[in-house]
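You will see two complexes here that share subunit A, one where it goes with subunit B and one where it goes with subunit C.
== the complex of A and B ==
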């Protein structure tokens, strides 16, 4: 699957949050989106998911153009978001959370196998299977949020700040998991505060500033860019 | 080995539950034989009708998180549908049932599709307004509803072969009827709450954005919850009108809506048994306090305040609700993560 976003505009009232975002994500690769707070990274993901309606622009999935997006249709297409701040269903158990991920796969008998696969990818979740998600630690919740999204059978996963607020070792574990997911052929659009890691892993990366893409290129090349190093790597 | 034990434990739990349910039912069905007190039975009938209402409200407010302060409007819709069909068109109690459920459900659908865009407090305010408008409309549409004088209805009659049984004004037949109606409602609720809809509702209540990210059509599912909740109110309204033999706008005022929310919160939001216990408690407690005359509402208020202070999750609200009132702090989370990190090292 190949997702292309063309000239996306979004406004909150009079404030224009996105001023024409154009980007592409392909299955099996990691694409990074880096930028400062408030630059419009999360807004971009929310727009792609159809949660925020955009007033201008379009999306292109495998050459099919879409202008009005409904979230449930987008998920059915295989574009699934893991929202910022984990947002697991606190009062549902780990297993129930995972089942919610498969909400649209109604008569699919392979859901059970997929839950087993998520458990083998994220073994800590199988230990917590019957525990309420609200009682999990932050890292475990992030793993659950990723596992839950995987159960929607994504072709492209939109990840918003997966390492936010996590201990470095746990963040590292999350990154390992992301690489495994990519290796299985899922495309990842990654918004990440840890710009160094994101740029290293990304085949292609975009730098966003006040609602506009100001720079793009291969991840490792951007890592060498003095402007990027100054602004996002603290050098 | 341990797995086997776990299964038998599970079966034992289930057996115990079934035994308790059967026992409760036996007691409830046999109760009128031991206690002929007309007044007490009448209170139980009211409690039963309220329990059905609270179960319906629980679908909107308990599962889906849509606070409705005008629920009495849907209750009225069911009651008045039966009353008008009976008085103007001579339709019997039993024949009117589908119309009552459908009219209330349709009202919920139409009203819900207009207002469900609103969230939280705003939705609560609009529903409050809707409840009041409905009551005022019933009060003023004299030609159709009889205005403040209400409508007097015929009693339900069961005809079998050439015999007929008139429900009359005694409480006993209504006791069994409402018990049956409550049972049906409980069965429907149990099925719903275990369905994918039930889980989706809880997900929406927990976090609407996350639910949408999972492909749940939140708009449609909220409307569905609203519609089901209203239809159940219509069912309860039908039963209420049949039992009273009389409907008037004052049965469906703001106090009724608030009382229903209080019953739901007292019993435990989101729990079926909680809804029933809440309805029973708030119907019976004011009756028990009757000897105190006008002071009874003081005591009643005090009981409510004490409840909310010491058991905010409600009488039967499980641990699941409690979690909401005791959020785990970020600091604790990070400590837990350090433990997790240690785990990962090995």
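== the complex of A and C ==
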């Protein structure tokens, strides 16, 4: 699957949050989106997921143009988001959270096998299966958020700040999981404050500033860029 | 009767009406839990359940003689289906267009819907009391000095069955889980592909159907109904929902039972003329001192 976002414009009242975002994501690759707080990274993901309506622009999925996006249709297409702050359903158990990820496939008998597969990828979840998600640690909740999204059978995963607020060791585990998911052929659009890791892993990366893409290129090449190093790697 | 037995007897008397409050309170609390709206039209939906049942009763009666049990089942089915459908339509027509409007706009609309329904009922069924058919002979069971009528037992058991079904739906089915997920985090639910508009419709459908069932039992218990009955009982059920913590499903059941029993005690020890005073005194005190209810809803930090 290939997702292309063309010239996305989004406004909150009079404030223009996105001023024409164009980007592409392909299955099996990691694409990074880096930028400062408030640059419009989350807004971009929420627009792709159809939570925020855009007044201008369009999306292409495998060459099919979509102009009015409904979130459940986007999920059914295979574009699934792991939102910022994890947003697991705290009062639902771990298993129930996973089942919600498979909500559109609720009559599908293979969901049980998929849950087992998620448990083997993220073994901590199987230990916590019957626990309420609110009792999990931050890292475990992030794993759950990722596992929940995987149950929607994504072709492209939109990840918003998966390492935010996690200890470096835990963050590393999350990154390992992401690489495994990519290796299975899922495309990842990654928004990540750990720009170094994101750029290293990304085949292609975009730098966003105040609602505009100001720079794009291969991840490792951007890592060498002096502008990028100054702004996002603290050098 | 010993003082203790008197006390228990008042609790039993309060329990049956408390169960009806609980059924109605569930609708308030489910709707509030999912779209943070106090649906003031819910009381009217409740009493409409009684009117719908009365309508099918007279309709059926003019055709074929049926035995009581079949008649009662048809009355419940009609009331629950009619109220459920009405709840869905009200949400679709009156509340959904205001989904993004300030919350106050929705609240005022709900009050408006309540007035519209009340006046429609007055036009259709008239301003005077309508008498409800009596199905059960006045049978009284006694345990020691305690008395419970067949009607009271019927209300308690029917309500319990409905609540257990709701509990099963919310806990075990995918739609029920989606309902809980949506009431916790609507955006996250949408990101899972859950169509929240449908979930909200289902919430209104179930809440209103339960209120409709409550309406039929109210009619059977008090044997007369009027177009404005829903208003007072509705506010009491709302009180019950607040007692349990609005948005909290088990809390609503508990709150309804607690309020009914309290009314029973007030009626038994002071005077039945004072029972409404007590119900609303509790509402005022709770809103002042303990607005999140006895079972506080677990909140995200």
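Worth pointing out:
In this text, the second predicted complex is superposed on the first by the 235 of 235 C-alpha atoms of A that agree within 3 Å, B and C clash if a C-alpha of one lies under 4 Å from a C-alpha of the other, contacts with A are read in each partner's own complex, and residues count from 1 in each chain.
Throughout what follows, a contact is a pair of C-beta atoms (placed from the backbone, for glycine too) under 8 Å apart; a residue touches a chain by one contact, two chains touch by 3 or more.
Treat the numbers as computed from the prediction; the structure is a model and nothing was measured.
Once the complexes are laid over each other on subunit A, subunit B and subunit C cannot both fit and instead clash.
Looking at the shared chain after the overlay, A:227 reaches neither subunit B nor subunit C. Residue contacts after overlaying the shared chain place A:103 against subunit B and subunit C alike. Contact with subunit B, but none with subunit C, is seen for A:138 once the two complexes are overlaid on the shared chain.
Shared-chain residue A:76: touches subunit B and subunit C both. Contacts of A:124 after superposition on the shared chain: subunit B is touched, whereas subunit C is not. Of the two partners subunit B and subunit C, it is B that touches the larger number of subunit A residues.
When the shared chain is aligned, subunit B comes close enough to touch A:169, but subunit C does not. Once the two complexes are overlaid on the shared chain, A:7 sits clear of subunit B and of subunit C alike.
When the two structures are aligned on the shared chain, A:92 is found in touch with subunit B and with subunit C.
Comparing the two interfaces of subunit A, the one with subunit B and the one with subunit C have residues 49, 51, 71-72, 75-76, 80-81, 83, 87-92, 96, 99-101, 103-104, 106, 134, 148, 152 in common.
Of all residues in subunit C, those touching subunit A in their complex are 174, 177-178, 180-181, 184-185, 187-195, 298, 300.
If you check the complex, the residues on subunit A that touch subunit B are 49-51, 70-72, 74-76, 80-83, 87-92, 96, 99-101, 103-104, 106, 124, 132, 134-135, 137-140, 148-149, 152, 165-167, 169-170, 173. The touching residues of subunit B, counted against subunit A in their complex, run 196, 199-200, 202-203, 206-207, 209-218, 319-321, 323-324, 328, 330, 333-334, 336-341, 343-345. Of all residues in subunit A, only 49, 51, 71-72, 75-76, 80-81, 83, 87-92, 96, 99-101, 103-104, 106, 134, 148, 152 touch subunit C in the complex they form.
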